[in-house]
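Scrolling down, you'll hit the structures one after another.
Consider the two complexes below, in which chain A is the common component and chain B and chain C are the respective partners.
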Partner chain A sequence: MSAGDDGLDEIQAIFFEECAEGLAIAEEGLSAMANGDVSADVIAGVFRAVHSIKGGSGAFGHAALLAFSHRFENVLDEVRAGRIAPTPAVTKVMLGAFDILSDHVAAAQGNSDAPADEAMLEALDAILKGEGAAAEGGAADPAPAPAVEDSAPVAEADEFGFVPVAAGVEDFDPFGFEPVAIDLEDLSPAEQQPWTVRFGPSRAALANGSEPLFIVRELETMGGRIVAVDSSALPGLRDLDPEDSYLVWTIELPGTVDEQDIRECFDFVSPDSVIDIARAAAEVAEVAVEAAVADAPPSPAAPIAPAAVAAAPAATPAPRPAATGEARAAAEPASQTIRVDLSKLDQLLNLVGELVIHGSILSDRLSPADQERVELPELSRLTRQIQDNVMSLRAQPIRQAFSRVPRMLRDLMAETGKKVVLETSGETTEVDKGVLEKIGDPLTHMIRNAVDHGIESPEERIAAGKPAEGTIHLSAEQKGARIIVRVADDGRGINRERVRAKAVEKGIISADAQLSDEEIDSLICAPGFSTAETISNISGRGVGMDVVRSNVEALGGRVEIHSTPGEGTTFIMALPLTLAILDGMIVRLGQQRFVLPLTNVIETVQPEPGQVKPTSPNSEVIELRGSYLPVKRVGQIFGIGANDRRSPEESLVIIVESEAAGHVGLMVDTIENRREVVIKSLEDNLHPIRGLGGATILGDGTIGLILDIDALVASTNHQSKYAMKGMAA
Partner chain B sequence: MSATDNSDERKIVTFTLGEQMFGIDMRALIEIREWEEPTPLPSVASYIKGVTNLRGSVVPVVGLAERLGWEPSRIHSRSCILVVSIGGRQAGFLVDEVADIVAINGGDIQPAPEVEMVEASMIAGLVKIERRAAEAEDAETMVLLLDLDALGLTRVGLDIAA
Partner chain C sequence: MSKLILTVDDSASMRMLLKTSLTAQGFRIEGANDGVHGLERMHEVKPDLLITDINMPKMDGFELIEAVRGVPEFRGTPILVLSTEFSDEKKARAREAGATGWITKPFDATKLGAAIRRVCP
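Moving on, here comes the complex of A and B:
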């Protein structure tokens, strides 16, 4: 990887992708820690993620990111090694550090300025000092931002920068918690106890191009001497891989050496390596020295040469201990992944869509007998399988969208002084990547809105008899072909009087408009609406909830708001599971064909005379098993075929289920058939149209419009004098 | 599409709407299709005639005359649809008749006069071309060059539908 060549940008882009992955892993881990899960796996995952960000940042010369991640990693390493307890206080600081780290990554990408991290660095150092205070009493101040000026490790780092993050995340390095041969926990309060460093390069270290020898030499220049070599992992000569690492050195350094300096030596060592740094009780160290003398040829002060490494195995062949074997087993079956440009997947999906359409055309044109003869059913089955597979490639857990919420909440809490606890559920719900990408913004606005407008200040909450901490519950679930995302807060609810007054003031509604509570609630999604008394930094620019509605509707989804004054507000986004394919019922209205999503369809009714009755000149109901359901004429809603108003007996009523209005009957002329259709978005070339979920190309090449039942039913409910500006679009 | 500062030769497609000749930049043209009744859409601006299937894409068809504020085109045998790409989005324009492909010089384009009309913003400039079929007396004719970006449907459409 020579710097300056054309590939560097690309490699750098991969680095940033890995940073994003690393940040996601770290955040997930830290959140788990904050929720009380401080298991070794979790901590190690966070450590590795930060470590790999550090490695890459060095390689690409992002000095500020490198310096910060290094200091962060120091703390994580201590926590990982069990020397600092992951108390809530420590975790909180680390969460803060994570935020700064994210900012540093963004800054390295050129997306923002480098964050001010001095305060956080002090907080991190305080954690480190707090731990070592007794032993470190007289030690010098911690070294200033290390490693940046250290050119050798930086040059080497690119080899480490690309250690795949995924490979090591799940399998926790058994070495990290292997009981140390020497009892290091017995920290003597006496100052200047010598350091004992155990260093066992990971198996991959040599393959990665790192040279453990340099590290040992560097330690030597600080006055270190090798006091023991653990060669018990050495295999027999026949099995010896000259590029593997088998030895674990124990190196003693004078107590006057600063711990930071020692740690710096290991900056770019792969995290799988054994690295234990501790002040040793003098007598224990001596025992180790004796063991070393008995065990290994190199005398403590002897210069270390590669020959020594090679010579040792011959001298003491020993069976490999189980721990090493396990480490290898764990490292090998790491699941293999491949990065694919999303546009390639999209293209594949489009092609599969075309295949499906052409399959439909074939089945339209061939008689059933001919279809069998050319084995069309088999082709359809295969096409279907390909389609399912391509779809699954694009499915991602919704966690990805949720993961940025905790950070945002922390920022919001800091800005507003409000206290909010986040609860999440259903993070593993899988949703199409395209949907996932587009719910980020709406989610952000919903959370902001909840904190800014919903949750009260701690004082207000206490006065209202609520706990000082507000709660936001973020959940996702799959319901039929929809993903339901809820953001529920336990705040003050929507102040309908104020919303109404504001809407009149802004000219969104007329002063004498008669609105139901739901209608008033939905006003907060109207363009240009904002009730914030002072335009805050967070929300109140009058775009937020408007964005929510338009983004979600553009996806073929819907936004609902349920609010109870004093108890809280729930925002519900109902999103399509996929943006690509739909099981549909093809219905005809006059000359035009429409597609009804089958998931909405309950049953179809051929009305008997008198079964459909008018309740006003423009509304009808159908009597069905003793209850009355509203009936909408689709033609009327869309203003087509209005001239030939068919009698209900000549039509079909399709009973559909809608989120907003429950069961509703839709009157159409006939049903043609049922088929899977490929959704083509209207906004690709036009703009979203309320009431339509998109369009599709039917078997004969003509276009069928896909009905969005919920929007259709909702929009007709609201038609009256409630014609709000912009909301019809 | 800057109208004046470019003196390169460029090609335009000319077509008529009623009596007037219009032109669009050749580079934006994807294809010219025969008129085919598109699938009508509910609650859209009246000039959006509907959508049609263009090789698997759903493409809106715009009555260009209406879009520009003229009388709507009447469909006849030579009516056709110019499929163009505007900022990566496709749209079909119903025109009365496609005339020609003409090379013009960027420097010959005059800026559209500041007339008090909404549609002026959709005209990028004026240019004189020679009629190929030299109908003696009227050898030159004025072509209104359209500013395709201003004709984009996504934003404008929303405003109007709302």
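Moving on, here comes the complex of A and C:
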């Protein structure tokens, strides 16, 4: 093969991607089956997924994966065929088999050792034996050689009856063959006996695009010669059907040729053909010896004429059907895909980012009239379209991240003895591939946290008047420019007293700190707060929620916790829809310019005297159409002094919508502009800073910091100090 | 002109593997990712040989073979099935549908080449 290892590695990488997709589909299907949906479509989907994994595993030489997937597939095939009922017990075994299959895939990728699968193989075999005897034969051998051609032709040959070869020789006298009697005792050892092959293609053998001539030629390349043709069945010309077959050839091959090689030539010949392969002396007393044939040129062309006639329609290009053109037109938008290296997309995304920035610079430097003259608005519109398109290239359904959860839950249930039902919704929500890849771990920790700390033991739940089975609801939805992922459990809720005590003990808060419930809940995610020691008796996992928060924040996202004692806890991950570009409102605070994501902005208010009222030394509200909204001074939060001394009347209040606190007013000095900005990560160079989602280069080349509204709204003076510490570090 | 082969398989890695190993043996390869797409590509590229998988979404291999055989132009085009399935029942069904031959996955590239030349030299 001319392709180097690199080529194969690349294909193998795609195979593993397909495995991941297949596993996700299989798991989804099996979960549906476990929940009672045993429709044919679901079962077929699982079967196909496992089947594809098996197919590729063989091609890439992953023997253990091949063997296991094969046995798994056998059971699925029986279930698919309706020979084994997908009872809960059977489905349970298959879920277990799925887990092992996942492990085998991981092992094939070199991520782990091959799992112990003997017990599971026994369980699968037990299913086959117990309820599906039909599949037993197939289950024994992971990769059996094709069997049908070996047996069927023999049976057919019997039916046709054995025609002595000598007859064929007589019929074909013109070639000068002479039947020669051979004394068995004169022959060399059996394996050296020449082969005699009788081949009489059936009508069907000509119908399926087969060409017997090719087989004869292939036998010739192995040293075979036609020694006789039985044309006794050939009718008169008037009755000759050009699509039927009337001839039986006798071909002799050297005894050194392997029988298997000869049989392989007939692999594709319709089983109702005459195919008779035997050592010359073993069955036939009279053969045409090689010497007799030597002068006769093997000339298959003439006798094969009927076959050639049959094949002719294939060779002659028929007039192109008129429908073809339409079919092509309809086909193209349907399902053509191309696989592209992700780094190329990233490059494209970066370039589009640069394009957006330069568009901003242009619009800054040109007067509105000049902008119109050079048709800048049209350019901006096109840039925007390119940007949307590039973003959509990277979008993937979040299902891929969710699909890991059921298995993890099963493991956790086994580990903890708790019973949990998983509900999911919004799996089709699309997120940027970069985001998708990075939320797997936080999601894992959130689920683990919910099971470890949230869901109570069955006894405890029953005592509390709840169903013994806990429920975790995993959902995703798009809200503005954010993807909201929720992990909601119906467990015991957060024990705030203990969390607070622990936070004091760890020096995260002072003993006299006045904290709201939400603030206490969010302490779980504070650095240095190890929940594992505090709330749970399950240790050894050692993953604090602060890791979750820092991971999510590194993505430009945010974690929130809502908890009601006795009723449950909801973890919310608010993730950026895309990683790169946002519509922003440029605001000014002192000398510093900030970017507010426009999707959060509801309205802008120029406060009248008295419209902003203090409620405590640290908090203010704005009265707006009869209701009061909290107001945050952005400058104060970031320690930018200028804003502190301003009276509200000299400032602007931007009403924003936040995930946690609803509508909130943010007080800034002034609004400068509205602009698309390219988000540049701060974390590459700095600590994550609470309240800031990143930075951008503005049209004039200066830096603008992008505000993370939700983090900002949630922040208190205490947290802002933490933020500034982070900034200093 | 080297022989043109259309490979129909829902697995991209399998299509690529076929393409890599068969291109190296001097064949020209086109691909399609399911039966529906495969049938459309048949009309477009008019291959010398069709190699198809059996288990595919939308239209499986059996249906594809039947559909291809239903087109007079393709009556004599050899069709090989390349599948991990190996049951006699499935093979008989494929033959009934009009398949020329059956190759069991995983395939050995050289043997696959030989098998192809057997039906399409």
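Convention: the second predicted complex is superposed on the first by the 460 of 729 C-alpha atoms of A that agree within 3 Å, B and C clash if a C-alpha of one lies under 4 Å from a C-alpha of the other, contacts with A are read in each partner's own complex, and residues count from 1 in each chain.
Just so it is clear, a contact is a pair of C-beta atoms (placed from the backbone, for glycine too) under 8 Å apart; a residue touches a chain by one contact, two chains touch by 3 or more.
Predicted model, so just to flag it, every value in this text is computed and none were measured.
In the superposition on chain A, A:705 makes contact with chain B only, while chain C stays out of contact range. In the superposed model, A:214 lies in contact with chain C only, and not with chain B. When the shared chain is aligned, no partner comes close enough to touch A:414: not chain B, not chain C. In the superposition on chain A, contact of A:89 is made with neither chain B nor chain C. In the superposed model, A:468 makes contact with neither chain B nor chain C.
Once the two structures are overlaid, the count of chain A residues touched is higher for C than for its counterpart among chain B and chain C. Contact residues of chain A toward chain C in the complex are 1-3, 7-8, 10-12, 14-15, 18, 47-48, 51-52, 54-56, 58-61, 66, 70, 73, 138, 143-148, 152, 204, 207-211, 214-215, 217-218, 264-265, 267-268, 270-271, 310-315, 317-318, 321, 324, 327-328, 330-331, 334-335, 337, 339. Here chain A touches chain B in the complex through residues 350, 353-354, 357, 592, 637-640, 680-687, 689-692, 694-695, 697, 701-705, 725-729, going by the rule given at the top.
Chain B meets chain A in the complex at residues 38-44, 48, 51-53, 56-60, 89-91, 153-155, 157-158, 161-162. The touching residues of chain C, counted against chain A in their complex, run 10-14, 16-17, 20-21, 23-24, 33-34, 36-37, 40-41, 43-44, 46, 53, 55-57, 69, 71-80, 83-84, 86-88, 91-92, 95, 98-107, 109, 111, 114-115, 117-121.
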